[in-house]
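Shared chain: chain A. Partners: chain B in the first complex, chain C in the second.
After this line comes the complex of A and B, so read on.
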């Protein structure tokens, strides 16, 4: 509240909307439809992995055993905590606490970077060991002839998820910039809310990816 | 519906923080459960491994529900939005999963030829294999040369590269007699040029392979 009087301009409802409420609802509905399409996209990959798992349980198990669950657990912690900070950023935005919004978003950005650092370490280890999908495979010490398919799923699913993390970080930077341009309050907090929603989707996908790839098998 | 004074919903801080700690707690349980060595319990009349898998995925589902209900705020949304999301996503996904599963799980039950004609070359080398180890499979269910018969037999065949004939599908999933159609497609390019002359070599001495491991 103290920071609300920083002289930032108030948001004006676009002329084609009747009210702030209507504006927010239409943005949110659009966002949810987009999120639904994202879930469908990841859903297709999950179904593929599920089919592979039922057809070749041994290959799946062997592949999963070569992933480091500790790294996955650290990354889960990073994502869940950044989800919390984004949630807190929305609450701060509704209360008009501009600096608190920024602090929470920056914290989320740091945690998201931590996620990507761990992922990079993981990927470089996999590349070093040659556990790559398809014709790129040159891993040794594996038994199942289908184990490289597991790594195909691993790289495509975590890669696509990692891309979402990267995009999410870009959106956080957008919300950060927005917080220096317009005053958030109970009537206008749309950018922070939408970025938080997107980030929650990134969380949601990881919540299923982590056990599927690292824990079962 | 949202109230008409202010847009959206003010999700209480306690809800957000509470969901976070619940999620962290559930993650810990999930990881702990996966570390549990069920084989050591010595119970064999029930598939503990399958139960463990179901429990882990069940916890993941609960976590997913918490994320979508409280962090994404579906709990506070209008019925119309929830219905749209539910129908367009979860029901459709369910149909997707069920139909795909029904398709791939019972292949070959009606037409057994579905399980044959597999020409699969895996890039995965056997542990003891040499430089160009590759598993090639001609799909004849009769020839069963399991991985154990690998290196010695490969040398005997005197192929330029020690290519072994492995009925890949059976070696991978002994429980399932159906081969994986999804994975059988041309991952063949993985066979390097050196393996090419090996392919016919592996095809011909199918007879010694049969000797090594009699057909079932």
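After this line comes the complex of A and C, so read on.
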């Protein structure tokens, strides 16, 4: 394995860049701006949820009560740990330890899949209980008439976040493939770094989603 | 090796041939040209819809459109002009072409992403056009809930289109900002950047931070339509005002996404044809950034009569007055630049001066509308219509046309007929002001916008406005014909026909594939005309 990785070719800087540094800085600036844009998008959703919470506090509390905080906690564990393994993958990439990069990315992929499994269980329970948003709602035994709006927020926010988890996993697979084609070193570890940054956003959004949806009330 | 160097020095139009090579190109210049062609087509389409309902308004009764068609046509005019023409307009077409050359780079930082933006634009545009045949879109461009929640397929397709176009816009802005941060040529400091680039920078910031809020709003509207999630729907316990807040949180900055690039072009053209350094360069540069920032906190002025609290009304009214400050700084600085300059009234300059005139009216009428008590009288009248046409058409589109005439020799390597260009510019000036000044008058007399029927007393105003439209349209077609005719001109445009100082004029017309034969080294500011004379 070790001989195979040292046999990998070096990365070539794209023709329109003057240097590897310039390329790396550009990709990094671009990623940060993209993440800023994502934060604005999720931020608007959070503001919407907070507005609904002020308008209908009872509905929000009742909805939150019917979520299982333990499942949320397990998922928080999965995501934070995978954030750690992605960080380790970056360190390994800087050190040029090709196989360690792969091991950490695979570990992150496993943890991310764990998150999706738990999420699927949660969703199927919701479908079973009929606690679906708006017109699809047929939940029983609820007091507040607006609980379904809480579930509107729940499904939109966790759904959009789940989509980001899926995209993040796709990017991890991309970085995995890159690791078999190009040698990483101190001067070139861009793909791993960028996937890790994106994954940090996925973590960050969840760190705010979890208390907002599961713990309030 | 020699063959390779030779290939790079061929001008970008001749570097490779055939439609296929254009469609898969990652050259920012070709992408810019494809944007330009697409945007001009949509400008003609949007203008045609405007012409149709303008003629319908010739009399208070039916001319040739049913009320239903009338509602659809003004919706289509609005959606096409906002999402397909003025928002992408200057950055996507001229910014794409000029920005990398003005900083001395070979391309944008992410050429493939740039091509992706173009395809997203085309896909969004195709879906927007499809929505026309999918049903009746009559909700206006603002798509307010709950009217937009009626599961009207045309409205749904229009939302999907706007969503996709939003991503195209975000990616363009991101690409520009990264390029300006990381790809500047040696010696190109921030304060040596042409003011067009400062404007592109401010626009990019707004695209990146405001557009995602529009994206999520559209996503929620779609979810609302498909599943009735109840977040915006008052019938389900949701809050329709929240939708309006989200919408204007994007759409007010969008006004500046529209107009700030116009400021940039005005600065370039005015400096070049006065042969003087821009008066107060840093003030003009910073005022673009200031507008971008203040633009984020004034959205509530669109909701004075929508039922937000009086306190919120007053705060938003107060903040809105502040937006006038950086705009006024610019107008004063441009005027000061003209003062004692050796002014050449070439075609681009004629448009730049029109821009100054129209933008002053557009800006001042905006201040009038920011006054709470006055706005409640003028809300939803032709006064508002006229105000934003003075900004979007009279300022942005006119600046766009100024830019097209200014950079045409660079982009195509051809010179257009100067006399015809000037006649067209004068027709556009007269036509535009006849069309819209009269709308300020009828609006102040209380004539409401968007109505199919109107009171007899306003017929004369409508007729004058329609005549203005005819003059404006003939001016625009004359300008377009003049530009197209230049392709048949055998002589090649010189590298620097206007004697400008910015970098794009220091390379060939049209530029070689990688913009410069050698990476330029910058030793002076963008408008160093005075040092030359000394």
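Following the convention adopted for this analysis, the second predicted complex is superposed on the first by the 212 of 217 C-alpha atoms of A that agree within 3 Å, B and C clash if a C-alpha of one lies under 4 Å from a C-alpha of the other, contacts with A are read in each partner's own complex, and residues count from 1 in each chain.
Here is the rule we use: a contact is a pair of C-beta atoms (placed from the backbone, for glycine too) under 8 Å apart; a residue touches a chain by one contact, two chains touch by 3 or more.
Please read all numbers here as calculations on a predicted model, not as lab measurements.
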Exercise for the section: For A:200, decide between first (touching chain B), second (touching chain C), both and neither. Expected result: first
Practice task
Scan A:189 for contacts with chain B and chain C and give back first, second, both or neither.
Solution key: first
Practice task
Examine A:56 and indicate which partner it touches, taking first as chain B and second as chain C; both and neither are also allowed.
Solution key: both
Practice task
Return first, second, both or neither, reflecting whether A:48 touches chain B, chain C, both chains, or no partner chain.
Solution key: both
Practice task
Return first, second, both or neither, reflecting whether A:143 touches chain B, chain C, both chains, or no partner chain.
Solution key: first
Fill in the blank from the handout: Of the two partners chain B and chain C, more of chain A gets touched by chain B
Handout entry: Partner chain(s) touched by A:29 [first = chain B, second = chain C, both, neither]
Key = both
Handout entry: Which superposed partner A:15 touches (first chain B, second chain C, both, neither)
Key = second
Problem - Partner chain(s) touched by A:153 [first = chain B, second = chain C, both, neither] - result: second
Practice task
May I ask you to decide whether A:135 touches chain B, chain C, both, or neither, giving the answer as first, second, both or neither?
Solution key: both
Fill in the blank from the handout: After superposition on chain A, the chain A residues reached by both chain B and chain C are 25, 29, 33, 36, 40, 43-44, 48, 51-52, 55-56, 59, 134-135, 145-146, 148-149
Handout entry: chain A-facing residues of chain B, complex
Key = 2, 4-8, 10-11, 13, 16-17, 20, 23-24, 27, 30-31, 33-35, 52-53, 56-57, 59-60, 63-64, 67-68, 71-73, 81, 84-85, 88-89, 92-93, 96-97, 100-101, 104-105, 120, 122-127, 135, 147, 166, 168, 171-176, 178, 180, 182-183, 187, 189-190
Exercise for the section: Could you please specify the touching residues of chain A with respect to chain B in the complex? Expected result: 19-21, 23-25, 28-29, 32-33, 36, 39-40, 43-44, 47-48, 50-52, 54-59, 69, 73, 76-77, 80-81, 83-84, 87-88, 90-91, 94, 134-135, 137-149, 186-190, 193, 196-197, 200-201, 203-204, 207-208, 210-212, 214-216
Completion exercise
Within their complex, chain A touches chain C through residues 15-18, 22, 25-26, 29-30, 33-34, 36-38, 40-45, 48, 51-52, 55-56, 59, 132-136, 145-146, 148-149, 152-153, 155-156, 160
Practice task
Name, in rising order, each residue of chain C that touches chain A in their complex.
Solution key: 105-107, 109-111, 170, 174-175, 177-179, 181-183, 208-213, 215-217, 219-220, 223-224, 227-231, 233, 236-239, 242, 246, 249, 514, 519
